[in-house]
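In what follows, subunit A forms one complex with subunit B and a second complex with subunit C.
After this line comes the complex of A and B, so read on.
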(Lines of atoms letter the chains of each structure in order from A and count residues from 1; the text may use other names and numbers.)
(Lines give C-alpha, C1' and ligand atoms only; values in the text may rest on other atoms or scores of the structure.)
Protein backbone atom coordinates (compact mmCIF):
# COMPACT_ATOMS: atom_id res chain seq x y z
CA UNK A 1 0.00 0.00 0.00
CA UNK A 2 1.35 3.40 -0.93
CA UNK A 3 2.29 5.94 1.72
CA UNK A 4 1.24 8.75 -0.59
CA UNK A 5 -2.29 10.09 -0.62
CA UNK A 6 -4.73 12.40 1.10
CA UNK A 7 -6.53 12.06 4.41
CA UNK A 8 -8.99 14.63 5.68
CA UNK A 9 -10.30 13.97 9.16
CA UNK A 10 -13.44 15.07 10.90
CA UNK A 11 -13.14 18.17 13.05
CA UNK A 12 -11.25 17.40 16.24
CA UNK A 13 -9.61 14.27 14.86
CA UNK A 14 -5.94 13.84 13.97
CA UNK A 15 -5.79 12.80 10.32
CA UNK A 16 -2.57 10.89 11.03
CA UNK A 17 -4.07 8.62 13.65
CA UNK A 18 -7.84 8.69 13.21
CA UNK A 19 -9.60 5.50 12.22
CA UNK A 20 -11.09 5.35 8.75
CA UNK A 21 -14.57 5.94 10.20
CA UNK A 22 -13.35 9.33 11.44
CA UNK A 23 -12.01 10.40 8.05
CA UNK A 24 -14.01 12.45 5.57
CA UNK A 25 -11.60 11.53 2.78
CA UNK A 26 -9.04 8.73 2.68
CA UNK A 27 -7.46 7.98 -0.66
CA UNK A 28 -6.16 4.68 0.70
CA UNK A 29 -9.55 3.50 -0.52
CA UNK A 30 -10.76 4.18 -4.07
CA UNK A 31 -13.64 6.60 -4.42
CA UNK A 32 -16.34 5.73 -6.89
CA UNK A 33 -16.02 7.85 -10.01
CA UNK A 34 -19.22 8.58 -11.89
CA UNK A 35 -19.09 7.92 -15.62
CA UNK A 36 -22.67 8.83 -16.28
CA UNK A 37 -26.28 8.60 -15.25
CA UNK A 38 -29.66 8.53 -16.86
CA UNK A 39 -33.26 7.59 -16.52
CA UNK A 40 -35.97 5.90 -18.50
CA UNK A 41 -39.12 3.85 -18.38
CA UNK A 42 -40.05 0.24 -18.92
CA UNK A 43 -43.45 -0.66 -20.37
CA UNK A 44 -44.32 -4.00 -18.87
CA UNK A 45 -47.47 -6.07 -19.04
CA UNK A 46 -48.46 -9.30 -17.40
CA UNK A 47 -46.32 -11.89 -19.16
CA UNK A 48 -44.61 -9.39 -21.46
CA UNK A 49 -41.24 -7.96 -20.43
CA UNK A 50 -39.46 -4.80 -21.52
CA UNK A 51 -35.80 -3.79 -21.47
CA UNK A 52 -33.62 -0.78 -22.18
CA UNK A 53 -29.96 -0.88 -23.18
CA UNK A 54 -27.33 1.72 -22.31
CA UNK A 55 -24.00 1.45 -24.11
CA UNK A 56 -20.94 2.32 -22.04
CA UNK A 57 -18.12 0.78 -24.16
CA UNK A 58 -15.65 0.62 -21.26
CA UNK A 59 -14.35 -2.82 -22.21
CA UNK A 60 -14.79 -4.12 -18.66
CA UNK A 61 -17.79 -4.65 -16.40
CA UNK A 62 -18.36 -1.43 -14.45
CA UNK A 63 -20.01 -0.94 -11.11
CA UNK A 64 -23.62 0.09 -11.60
CA UNK A 65 -26.52 1.12 -9.40
CA UNK A 66 -30.09 1.06 -10.67
CA UNK A 67 -33.20 2.22 -8.80
CA UNK A 68 -36.74 2.12 -10.08
CA UNK A 69 -40.40 1.42 -9.65
CA UNK A 70 -41.63 -2.13 -9.28
CA UNK A 71 -44.74 -4.23 -9.62
CA UNK A 72 -46.19 -5.56 -6.37
CA UNK A 73 -47.76 -8.99 -6.61
CA UNK A 74 -49.55 -8.31 -3.34
CA UNK A 75 -52.33 -6.07 -4.61
CA UNK A 76 -51.45 -6.37 -8.27
CA UNK A 77 -50.34 -2.76 -8.70
CA UNK A 78 -47.34 -0.65 -9.62
CA UNK A 79 -45.42 0.63 -6.65
CA UNK A 80 -44.63 4.27 -7.41
CA UNK A 81 -41.83 4.26 -4.85
CA UNK A 82 -38.31 3.47 -6.01
CA UNK A 83 -36.47 0.33 -4.94
CA UNK A 84 -32.92 -0.69 -5.57
CA UNK A 85 -32.76 -3.16 -8.44
CA UNK A 86 -32.59 -6.12 -8.60
CA UNK A 87 -36.07 -6.52 -7.16
CA UNK A 88 -37.56 -10.00 -7.16
CA UNK A 89 -40.85 -11.10 -5.68
CA UNK A 90 -42.44 -14.52 -6.11
CA UNK A 91 -45.81 -15.99 -5.14
CA UNK A 92 -46.95 -19.60 -5.07
CA UNK A 93 -44.07 -20.66 -7.32
CA UNK A 94 -46.15 -19.44 -10.28
CA UNK A 95 -46.25 -15.65 -10.17
CA UNK A 96 -43.29 -13.33 -10.07
CA UNK A 97 -42.21 -9.72 -10.39
CA UNK A 98 -38.64 -9.18 -11.52
CA UNK A 99 -37.03 -5.79 -12.12
CA UNK A 100 -33.34 -6.19 -12.62
CA UNK A 101 -30.27 -5.24 -14.60
CA UNK A 102 -27.09 -6.78 -15.94
CA UNK A 103 -23.87 -5.16 -16.94
CA UNK A 104 -21.53 -6.47 -19.61
CA UNK A 105 -18.22 -5.11 -20.87
CA UNK A 106 -20.10 -2.84 -23.28
CA UNK A 107 -23.67 -2.40 -22.07
CA UNK A 108 -26.04 -1.94 -19.17
CA UNK A 109 -29.33 -3.75 -19.75
CA UNK A 110 -32.26 -2.84 -17.50
CA UNK A 111 -35.20 -5.26 -17.56
CA UNK A 112 -38.68 -5.48 -16.12
CA UNK A 113 -41.02 -8.45 -16.09
CA UNK A 114 -43.98 -9.72 -14.12
CA UNK A 115 -46.46 -12.56 -14.36
CA UNK A 116 -49.52 -12.61 -12.12
CA UNK A 117 -52.46 -13.58 -14.32
CA UNK A 118 -54.10 -10.14 -14.16
CA UNK A 119 -53.48 -8.78 -17.69
CA UNK A 120 -52.26 -5.60 -15.97
CA UNK A 121 -49.84 -3.30 -17.72
CA UNK A 122 -47.98 -0.20 -16.61
CA UNK A 123 -44.97 2.04 -17.11
CA UNK A 124 -42.13 1.82 -14.62
CA UNK A 125 -39.60 4.63 -14.18
CA UNK A 126 -35.98 3.99 -13.29
CA UNK A 127 -32.64 5.76 -13.03
CA UNK A 128 -29.10 4.45 -13.15
CA UNK A 129 -25.53 5.43 -12.37
CA UNK A 130 -22.53 3.88 -14.14
CA UNK A 131 -19.11 4.21 -12.52
CA UNK A 132 -15.64 3.98 -13.97
CA UNK A 133 -14.80 1.53 -11.20
CA UNK A 134 -14.86 -2.17 -11.95
CA UNK A 135 -17.66 -4.33 -10.55
CA UNK B 1 -11.55 19.79 -18.86
CA UNK B 2 -9.55 21.91 -16.45
CA UNK B 3 -5.77 21.61 -16.22
CA UNK B 4 -5.99 22.09 -12.47
CA UNK B 5 -7.01 19.29 -10.16
CA UNK B 6 -5.96 16.21 -8.25
CA UNK B 7 -5.29 12.75 -9.62
CA UNK B 8 -4.27 9.91 -7.31
CA UNK B 9 -3.54 6.64 -9.04
CA UNK B 10 -3.62 3.13 -7.69
CA UNK B 11 -0.27 1.71 -6.65
CA UNK B 12 1.88 0.85 -9.65
CA UNK B 13 0.07 3.24 -11.97
CA UNK B 14 1.68 6.48 -13.09
CA UNK B 15 -0.67 9.31 -12.15
CA UNK B 16 0.73 11.32 -15.04
CA UNK B 17 -0.56 8.84 -17.61
CA UNK B 18 -2.89 10.52 -20.08
CA UNK B 19 -6.43 10.12 -18.85
CA UNK B 20 -8.81 8.17 -21.08
CA UNK B 21 -12.20 6.58 -20.47
CA UNK B 22 -10.80 3.09 -20.02
CA UNK B 23 -8.03 3.86 -17.51
CA UNK B 24 -10.01 5.94 -15.03
CA UNK B 25 -10.61 2.74 -13.07
CA UNK B 26 -6.88 2.75 -12.31
CA UNK B 27 -7.20 5.90 -10.21
CA UNK B 28 -8.17 6.11 -6.58
CA UNK B 29 -9.30 9.70 -6.89
CA UNK B 30 -9.93 11.97 -9.86
CA UNK B 31 -11.08 15.51 -9.45
CA UNK B 32 -11.86 15.37 -13.18
CA UNK B 33 -14.95 13.31 -12.38
CA UNK B 34 -17.75 13.50 -9.88
CA UNK B 35 -17.91 11.06 -6.97
CA UNK B 36 -20.96 10.14 -4.90
CA UNK B 37 -21.40 12.23 -1.79
CA UNK B 38 -22.93 10.88 1.39
CA UNK B 39 -25.47 13.37 2.67
CA UNK B 40 -26.87 11.23 5.47
CA UNK B 41 -25.86 8.12 7.35
CA UNK B 42 -27.26 6.89 10.60
CA UNK B 43 -29.29 4.37 12.54
CA UNK B 44 -33.07 4.28 12.49
CA UNK B 45 -35.38 2.75 15.06
CA UNK B 46 -38.77 1.35 14.08
CA UNK B 47 -41.95 1.69 16.13
CA UNK B 48 -42.39 -2.03 15.53
CA UNK B 49 -40.94 -4.79 13.34
CA UNK B 50 -43.75 -4.91 10.77
CA UNK B 51 -44.03 -1.16 10.30
CA UNK B 52 -40.28 -0.90 9.95
CA UNK B 53 -38.12 2.20 9.77
CA UNK B 54 -38.53 5.46 7.89
CA UNK B 55 -36.53 8.61 7.34
CA UNK B 56 -37.75 11.89 5.91
CA UNK B 57 -35.14 13.42 3.61
CA UNK B 58 -37.32 15.98 1.78
CA UNK B 59 -34.83 16.24 -1.09
CA UNK B 60 -37.51 16.67 -3.72
CA UNK B 61 -36.00 13.88 -5.83
CA UNK B 62 -35.33 10.18 -5.32
CA UNK B 63 -31.77 9.72 -4.04
CA UNK B 64 -29.59 6.65 -4.24
CA UNK B 65 -29.71 4.95 -0.88
CA UNK B 66 -28.60 1.82 0.94
CA UNK B 67 -30.68 0.52 3.81
CA UNK B 68 -29.48 -2.34 5.96
CA UNK B 69 -31.47 -4.14 8.63
CA UNK B 70 -29.53 -4.51 11.84
CA UNK B 71 -30.08 -5.72 15.39
CA UNK B 72 -29.01 -2.69 17.41
CA UNK B 73 -28.56 1.06 16.92
CA UNK B 74 -25.62 1.12 19.33
CA UNK B 75 -23.74 -2.17 19.05
CA UNK B 76 -24.88 -3.96 15.89
CA UNK B 77 -23.70 -7.48 15.24
CA UNK B 78 -24.87 -7.68 11.61
CA UNK B 79 -26.01 -5.62 8.65
CA UNK B 80 -28.42 -7.23 6.20
CA UNK B 81 -29.30 -5.76 2.81
CA UNK B 82 -33.05 -5.58 2.27
CA UNK B 83 -33.50 -4.69 -1.40
CA UNK B 84 -37.08 -5.88 -1.79
CA UNK B 85 -38.23 -4.28 1.43
CA UNK B 86 -36.82 -0.77 1.15
CA UNK B 87 -38.19 2.07 -0.94
CA UNK B 88 -37.70 5.75 -1.57
CA UNK B 89 -39.96 8.58 -2.65
CA UNK B 90 -38.98 12.19 -3.21
CA UNK B 91 -39.47 12.80 0.51
CA UNK B 92 -39.09 9.57 2.46
CA UNK B 93 -37.10 6.34 2.64
CA UNK B 94 -38.73 3.39 4.33
CA UNK B 95 -37.84 -0.19 5.12
CA UNK B 96 -40.24 -2.86 6.27
CA UNK B 97 -39.78 -5.86 8.56
CA UNK B 98 -36.98 -4.58 10.72
CA UNK B 99 -36.60 -3.19 14.22
CA UNK B 100 -33.49 -1.19 13.40
CA UNK B 101 -31.93 0.02 10.21
CA UNK B 102 -28.73 1.67 9.07
CA UNK B 103 -29.33 4.09 6.24
CA UNK B 104 -26.89 5.73 3.84
CA UNK B 105 -28.25 8.39 1.46
CA UNK B 106 -26.18 9.71 -1.41
CA UNK B 107 -26.64 13.14 -2.89
CA UNK B 108 -26.97 11.64 -6.35
CA UNK B 109 -30.34 10.55 -7.62
CA UNK B 110 -33.07 11.48 -10.04
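After this line comes the complex of A and C, so read on.
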Protein backbone atom coordinates (compact mmCIF):
# COMPACT_ATOMS: atom_id res chain seq x y z
CA UNK A 1 0.00 0.00 0.00
CA UNK A 2 1.19 3.54 -0.72
CA UNK A 3 2.34 5.72 2.15
CA UNK A 4 0.74 8.75 0.52
CA UNK A 5 -2.73 9.69 1.68
CA UNK A 6 -4.75 10.95 4.59
CA UNK A 7 -5.08 9.34 7.97
CA UNK A 8 -7.21 10.81 10.75
CA UNK A 9 -7.43 9.09 14.10
CA UNK A 10 -10.01 9.31 16.83
CA UNK A 11 -9.33 12.01 19.40
CA UNK A 12 -6.58 10.89 21.78
CA UNK A 13 -5.19 8.28 19.37
CA UNK A 14 -1.87 8.54 17.57
CA UNK A 15 -2.64 8.54 13.85
CA UNK A 16 0.74 6.99 13.12
CA UNK A 17 0.14 3.88 15.14
CA UNK A 18 -3.62 3.57 15.70
CA UNK A 19 -5.35 0.43 14.48
CA UNK A 20 -7.93 0.77 11.74
CA UNK A 21 -10.76 0.61 14.29
CA UNK A 22 -9.36 3.75 15.94
CA UNK A 23 -9.16 5.66 12.67
CA UNK A 24 -11.90 7.91 11.35
CA UNK A 25 -10.35 7.98 7.92
CA UNK A 26 -7.50 6.14 6.23
CA UNK A 27 -7.25 6.63 2.49
CA UNK A 28 -5.04 3.60 2.04
CA UNK A 29 -8.32 1.66 2.16
CA UNK A 30 -11.08 2.08 -0.41
CA UNK A 31 -14.17 3.92 0.83
CA UNK A 32 -17.65 3.13 -0.36
CA UNK A 33 -18.41 5.77 -2.97
CA UNK A 34 -22.01 6.28 -3.99
CA UNK A 35 -22.63 6.77 -7.69
CA UNK A 36 -26.33 7.22 -7.32
CA UNK A 37 -29.52 6.13 -5.69
CA UNK A 38 -33.13 6.01 -6.66
CA UNK A 39 -36.47 4.43 -6.12
CA UNK A 40 -39.30 2.99 -8.10
CA UNK A 41 -42.20 0.57 -8.09
CA UNK A 42 -42.90 -2.83 -9.57
CA UNK A 43 -46.43 -3.71 -10.61
CA UNK A 44 -46.66 -7.43 -10.14
CA UNK A 45 -49.60 -9.77 -10.33
CA UNK A 46 -49.96 -13.48 -9.83
CA UNK A 47 -48.02 -15.07 -12.70
CA UNK A 48 -47.03 -11.76 -14.29
CA UNK A 49 -43.65 -10.25 -13.44
CA UNK A 50 -42.40 -6.71 -13.73
CA UNK A 51 -38.90 -5.27 -13.98
CA UNK A 52 -37.16 -1.90 -14.07
CA UNK A 53 -33.80 -1.14 -15.60
CA UNK A 54 -31.39 1.50 -14.34
CA UNK A 55 -28.47 2.30 -16.63
CA UNK A 56 -25.19 3.00 -14.85
CA UNK A 57 -22.71 2.60 -17.77
CA UNK A 58 -19.77 1.95 -15.44
CA UNK A 59 -18.29 -0.78 -17.62
CA UNK A 60 -17.91 -3.13 -14.65
CA UNK A 61 -20.27 -4.78 -12.20
CA UNK A 62 -20.69 -2.39 -9.27
CA UNK A 63 -21.68 -2.99 -5.68
CA UNK A 64 -25.39 -2.50 -5.30
CA UNK A 65 -27.82 -2.46 -2.40
CA UNK A 66 -31.51 -2.91 -3.18
CA UNK A 67 -34.30 -2.84 -0.62
CA UNK A 68 -38.00 -3.18 -1.27
CA UNK A 69 -41.40 -4.51 -0.47
CA UNK A 70 -42.20 -8.15 -1.09
CA UNK A 71 -45.10 -10.51 -1.56
CA UNK A 72 -45.70 -13.00 1.23
CA UNK A 73 -47.02 -16.37 0.08
CA UNK A 74 -48.09 -17.09 3.62
CA UNK A 75 -51.26 -15.01 3.78
CA UNK A 76 -51.12 -13.91 0.16
CA UNK A 77 -50.42 -10.25 0.91
CA UNK A 78 -47.89 -7.53 0.25
CA UNK A 79 -45.44 -6.96 3.06
CA UNK A 80 -45.16 -3.18 3.25
CA UNK A 81 -41.92 -3.41 5.21
CA UNK A 82 -38.67 -3.17 3.26
CA UNK A 83 -36.44 -6.22 2.95
CA UNK A 84 -33.04 -6.52 1.39
CA UNK A 85 -33.33 -7.94 -2.12
CA UNK A 86 -33.04 -10.64 -3.32
CA UNK A 87 -36.03 -12.04 -1.47
CA UNK A 88 -37.08 -15.58 -2.27
CA UNK A 89 -39.96 -17.57 -0.82
CA UNK A 90 -41.07 -20.98 -2.00
CA UNK A 91 -44.23 -22.80 -1.04
CA UNK A 92 -44.19 -25.63 -3.55
CA UNK A 93 -42.73 -26.56 -6.92
CA UNK A 94 -45.20 -24.11 -8.43
CA UNK A 95 -45.78 -21.32 -5.92
CA UNK A 96 -43.04 -18.81 -5.23
CA UNK A 97 -42.31 -15.17 -4.58
CA UNK A 98 -39.10 -13.69 -5.94
CA UNK A 99 -37.99 -10.07 -5.71
CA UNK A 100 -34.47 -9.76 -6.93
CA UNK A 101 -31.92 -7.76 -8.88
CA UNK A 102 -29.09 -8.33 -11.36
CA UNK A 103 -26.19 -6.01 -11.95
CA UNK A 104 -24.35 -6.07 -15.25
CA UNK A 105 -21.51 -3.91 -16.54
CA UNK A 106 -24.02 -1.35 -17.78
CA UNK A 107 -27.31 -1.87 -15.98
CA UNK A 108 -29.08 -2.65 -12.76
CA UNK A 109 -32.21 -4.72 -13.35
CA UNK A 110 -34.73 -4.98 -10.52
CA UNK A 111 -37.39 -7.66 -10.90
CA UNK A 112 -40.46 -8.84 -9.03
CA UNK A 113 -42.45 -12.00 -9.61
CA UNK A 114 -44.83 -14.24 -7.71
CA UNK A 115 -47.08 -17.18 -8.46
CA UNK A 116 -49.56 -18.38 -5.86
CA UNK A 117 -52.82 -19.07 -7.69
CA UNK A 118 -54.67 -16.14 -6.07
CA UNK A 119 -54.93 -13.68 -8.99
CA UNK A 120 -53.64 -11.04 -6.56
CA UNK A 121 -51.85 -7.99 -7.84
CA UNK A 122 -50.08 -5.13 -6.13
CA UNK A 123 -47.47 -2.40 -6.43
CA UNK A 124 -44.16 -2.91 -4.68
CA UNK A 125 -41.87 0.00 -3.85
CA UNK A 126 -38.10 -0.32 -3.83
CA UNK A 127 -35.01 1.83 -3.51
CA UNK A 128 -31.42 1.19 -4.47
CA UNK A 129 -27.88 2.42 -4.11
CA UNK A 130 -25.24 1.96 -6.79
CA UNK A 131 -21.63 2.35 -5.72
CA UNK A 132 -18.57 3.14 -7.78
CA UNK A 133 -16.91 0.22 -6.00
CA UNK A 134 -16.71 -3.08 -7.87
CA UNK A 135 -18.77 -6.01 -6.65
CA UNK B 1 -15.93 16.01 18.95
CA UNK B 2 -12.62 17.47 17.84
CA UNK B 3 -12.61 20.39 15.41
CA UNK B 4 -9.47 19.08 13.75
CA UNK B 5 -10.03 17.11 10.56
CA UNK B 6 -11.32 17.38 7.01
CA UNK B 7 -14.69 18.49 5.77
CA UNK B 8 -15.76 18.79 2.14
CA UNK B 9 -19.19 20.06 1.26
CA UNK B 10 -21.26 19.69 -1.87
CA UNK B 11 -20.85 22.32 -4.53
CA UNK B 12 -22.71 25.47 -3.48
CA UNK B 13 -22.87 24.58 0.21
CA UNK B 14 -20.92 26.44 2.89
CA UNK B 15 -18.53 23.89 4.33
CA UNK B 16 -18.60 25.68 7.70
CA UNK B 17 -22.32 25.17 8.14
CA UNK B 18 -23.30 22.38 5.75
CA UNK B 19 -25.49 19.66 7.15
CA UNK B 20 -24.20 16.08 6.99
CA UNK B 21 -26.50 15.38 4.05
CA UNK B 22 -24.86 18.19 2.10
CA UNK B 23 -21.34 17.10 2.96
CA UNK B 24 -19.24 14.68 0.91
CA UNK B 25 -16.67 14.04 3.62
CA UNK B 26 -16.59 14.86 7.31
CA UNK B 27 -13.77 13.13 9.12
CA UNK B 28 -15.48 13.57 12.49
CA UNK B 29 -17.53 10.58 11.45
CA UNK B 30 -15.92 7.22 10.75
CA UNK B 31 -15.83 6.32 7.06
CA UNK B 32 -16.56 2.78 5.93
CA UNK B 33 -13.11 1.58 4.90
CA UNK B 34 -12.92 -1.72 3.07
CA UNK B 35 -9.98 -3.35 4.80
CA UNK B 36 -10.41 -6.84 3.38
CA UNK B 37 -12.48 -8.76 0.85
CA UNK B 38 -12.49 -12.52 0.86
CA UNK B 39 -14.15 -15.27 -1.10
CA UNK B 40 -15.06 -18.45 0.77
CA UNK B 41 -16.02 -21.49 -1.27
CA UNK B 42 -17.45 -24.80 -0.16
CA UNK B 43 -19.34 -27.72 -1.63
CA UNK B 44 -22.32 -29.61 -0.29
CA UNK B 45 -21.53 -33.03 -1.74
CA UNK B 46 -23.84 -35.35 -3.61
CA UNK B 47 -25.02 -38.31 -1.54
CA UNK B 48 -24.74 -36.59 1.84
CA UNK B 49 -27.84 -36.00 3.91
CA UNK B 50 -28.13 -32.57 5.56
CA UNK B 51 -24.42 -31.75 5.39
CA UNK B 52 -23.18 -28.82 7.43
CA UNK B 53 -19.86 -27.30 8.33
CA UNK B 54 -18.11 -24.13 9.40
CA UNK B 55 -15.51 -22.35 7.28
CA UNK B 56 -13.16 -20.09 9.23
CA UNK B 57 -11.36 -17.08 7.85
CA UNK B 58 -8.70 -15.43 10.02
CA UNK B 59 -8.68 -11.65 9.61
CA UNK B 60 -6.38 -10.94 12.59
CA UNK B 61 -7.77 -7.43 13.12
CA UNK B 62 -8.09 -7.87 16.88
CA UNK B 63 -11.63 -6.49 16.98
CA UNK B 64 -15.02 -7.43 15.58
CA UNK B 65 -15.33 -5.63 12.22
CA UNK B 66 -18.46 -4.79 10.30
CA UNK B 67 -18.99 -7.54 7.72
CA UNK B 68 -21.42 -7.53 4.82
CA UNK B 69 -21.68 -10.91 3.15
CA UNK B 70 -23.42 -12.45 0.15
CA UNK B 71 -23.73 -15.93 -1.28
CA UNK B 72 -23.87 -17.17 -4.86
CA UNK B 73 -24.63 -20.74 -5.84
CA UNK B 74 -25.70 -22.75 -8.78
CA UNK B 75 -28.02 -25.68 -9.07
CA UNK B 76 -28.53 -27.17 -12.50
CA UNK B 77 -28.95 -24.38 -14.98
CA UNK B 78 -30.08 -21.82 -12.42
CA UNK B 79 -27.79 -19.34 -10.71
CA UNK B 80 -28.74 -17.83 -7.40
CA UNK B 81 -26.72 -14.68 -6.84
CA UNK B 82 -26.31 -11.86 -4.34
CA UNK B 83 -28.14 -13.73 -1.59
CA UNK B 84 -27.87 -11.62 1.56
CA UNK B 85 -26.39 -13.41 4.57
CA UNK B 86 -27.87 -14.60 6.86
CA UNK B 87 -29.35 -16.67 4.06
CA UNK B 88 -32.30 -18.88 4.83
CA UNK B 89 -34.10 -19.99 1.69
CA UNK B 90 -35.56 -23.02 -0.03
CA UNK B 91 -35.70 -23.42 -3.79
CA UNK B 92 -37.82 -25.97 -5.62
CA UNK B 93 -36.01 -28.67 -7.60
CA UNK B 94 -37.66 -31.07 -10.06
CA UNK B 95 -39.41 -33.11 -7.40
CA UNK B 96 -37.76 -32.02 -4.14
CA UNK B 97 -36.58 -28.84 -2.44
CA UNK B 98 -33.16 -27.50 -1.60
CA UNK B 99 -32.80 -25.56 1.64
CA UNK B 100 -29.67 -23.51 2.30
CA UNK B 101 -28.87 -21.85 5.59
CA UNK B 102 -25.73 -19.72 5.74
CA UNK B 103 -24.69 -17.35 8.49
CA UNK B 104 -21.52 -15.57 9.53
CA UNK B 105 -20.27 -15.12 13.06
CA UNK B 106 -17.84 -12.24 13.44
CA UNK B 107 -15.19 -12.57 16.11
CA UNK B 108 -12.13 -10.57 17.14
CA UNK B 109 -9.75 -12.40 14.83
CA UNK B 110 -11.92 -14.69 12.74
CA UNK B 111 -15.10 -14.86 10.73
CA UNK B 112 -16.89 -18.18 10.88
CA UNK B 113 -19.20 -19.03 8.02
CA UNK B 114 -21.66 -21.71 9.07
CA UNK B 115 -23.59 -23.57 6.41
CA UNK B 116 -26.22 -26.27 6.28
CA UNK B 117 -27.80 -27.69 3.14
CA UNK B 118 -30.83 -29.96 3.05
CA UNK B 119 -32.53 -31.54 0.08
CA UNK B 120 -35.93 -32.61 1.28
CA UNK B 121 -39.52 -33.44 0.85
CA UNK B 122 -41.72 -31.98 3.60
CA UNK B 123 -40.65 -33.68 6.82
CA UNK B 124 -38.13 -35.94 5.06
CA UNK B 125 -34.44 -35.03 4.54
CA UNK B 126 -32.94 -36.78 1.51
CA UNK B 127 -29.40 -37.36 0.23
CA UNK B 128 -28.25 -34.57 -2.06
CA UNK B 129 -28.83 -35.50 -5.68
CA UNK B 130 -25.83 -33.54 -6.92
CA UNK B 131 -23.00 -31.34 -5.70
CA UNK B 132 -23.92 -27.77 -4.85
CA UNK B 133 -21.07 -25.27 -4.99
CA UNK B 134 -21.36 -22.15 -2.86
CA UNK B 135 -19.33 -18.95 -2.98
CA UNK B 136 -19.57 -16.54 -0.07
CA UNK B 137 -18.08 -13.08 -0.49
CA UNK B 138 -17.09 -11.27 2.70
CA UNK B 139 -16.71 -7.49 2.63
CA UNK B 140 -14.84 -6.57 5.82
CA UNK B 141 -14.92 -2.95 6.96
CA UNK B 142 -12.72 -1.20 9.50
CA UNK B 143 -15.62 -0.10 11.67
CA UNK B 144 -15.60 -1.88 15.04
CA UNK B 145 -18.98 -3.35 15.85
CA UNK B 146 -20.45 -1.86 19.00
CA UNK B 147 -18.33 1.27 19.00
CA UNK B 148 -19.95 4.68 19.39
CA UNK B 149 -19.93 7.31 16.66
CA UNK B 150 -19.37 10.90 17.75
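By definition in this document, the second predicted complex is superposed on the first by the 134 of 135 C-alpha atoms of A that agree within 3 Å, B and C clash if a C-alpha of one lies under 4 Å from a C-alpha of the other, contacts with A are read in each partner's own complex, and residues count from 1 in each chain.
The rule we apply is simple: a contact is a pair of C-beta atoms (placed from the backbone, for glycine too) under 8 Å apart; a residue touches a chain by one contact, two chains touch by 3 or more.
Everything numeric here is computed off the predicted structure, so don't read it as measured data.
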First (subunit B), second (subunit C), both or neither touched by A:8: second
Touching partner for A:20 - first (subunit B), second (subunit C), both, neither: second
Touching partner for A:30 - first (subunit B), second (subunit C), both, neither: both
Partner chain in contact with A:102 - subunit B first, subunit C second, else both or neither: second
Partner chain(s) touched by A:88 [first = subunit B, second = subunit C, both, neither]: both
Which of subunit B and subunit C A:39 touches, first, second, both or neither: first
Subunit B versus subunit C, judged by how many residues of subunit A each one touches: B
Touched partner set for A:77, first subunit B, second subunit C, both or neither: neither
Partner chain in contact with A:53 - subunit B first, subunit C second, else both or neither: neither
Subunit A residues contacted in one complex by subunit B, in the other by subunit C: 6, 29-32, 84-86, 88-89, 133
Interface residues, subunit A side, partner subunit B - complex: 1-2, 4-6, 27-35, 37, 39, 57-60, 62, 65, 67, 79-89, 127, 129, 132-134
Touch list for subunit A against partner subunit C, complex: 6, 8, 11, 19-21, 23-26, 29-32, 64, 84-86, 88-90, 92-94, 96, 100-103, 133
Touching residues on subunit C, where the partner in the complex is subunit A: 1-2, 5-6, 25, 27-35, 61-63, 65, 80-84, 89-92, 94-95, 97, 142-144, 147
Subunit A-touching residues of subunit B, taken from the complex the two chains share: 6, 8, 10-11, 21-22, 24-25, 27-30, 33-36, 62, 64-66, 83-84, 86-89, 94, 108-110
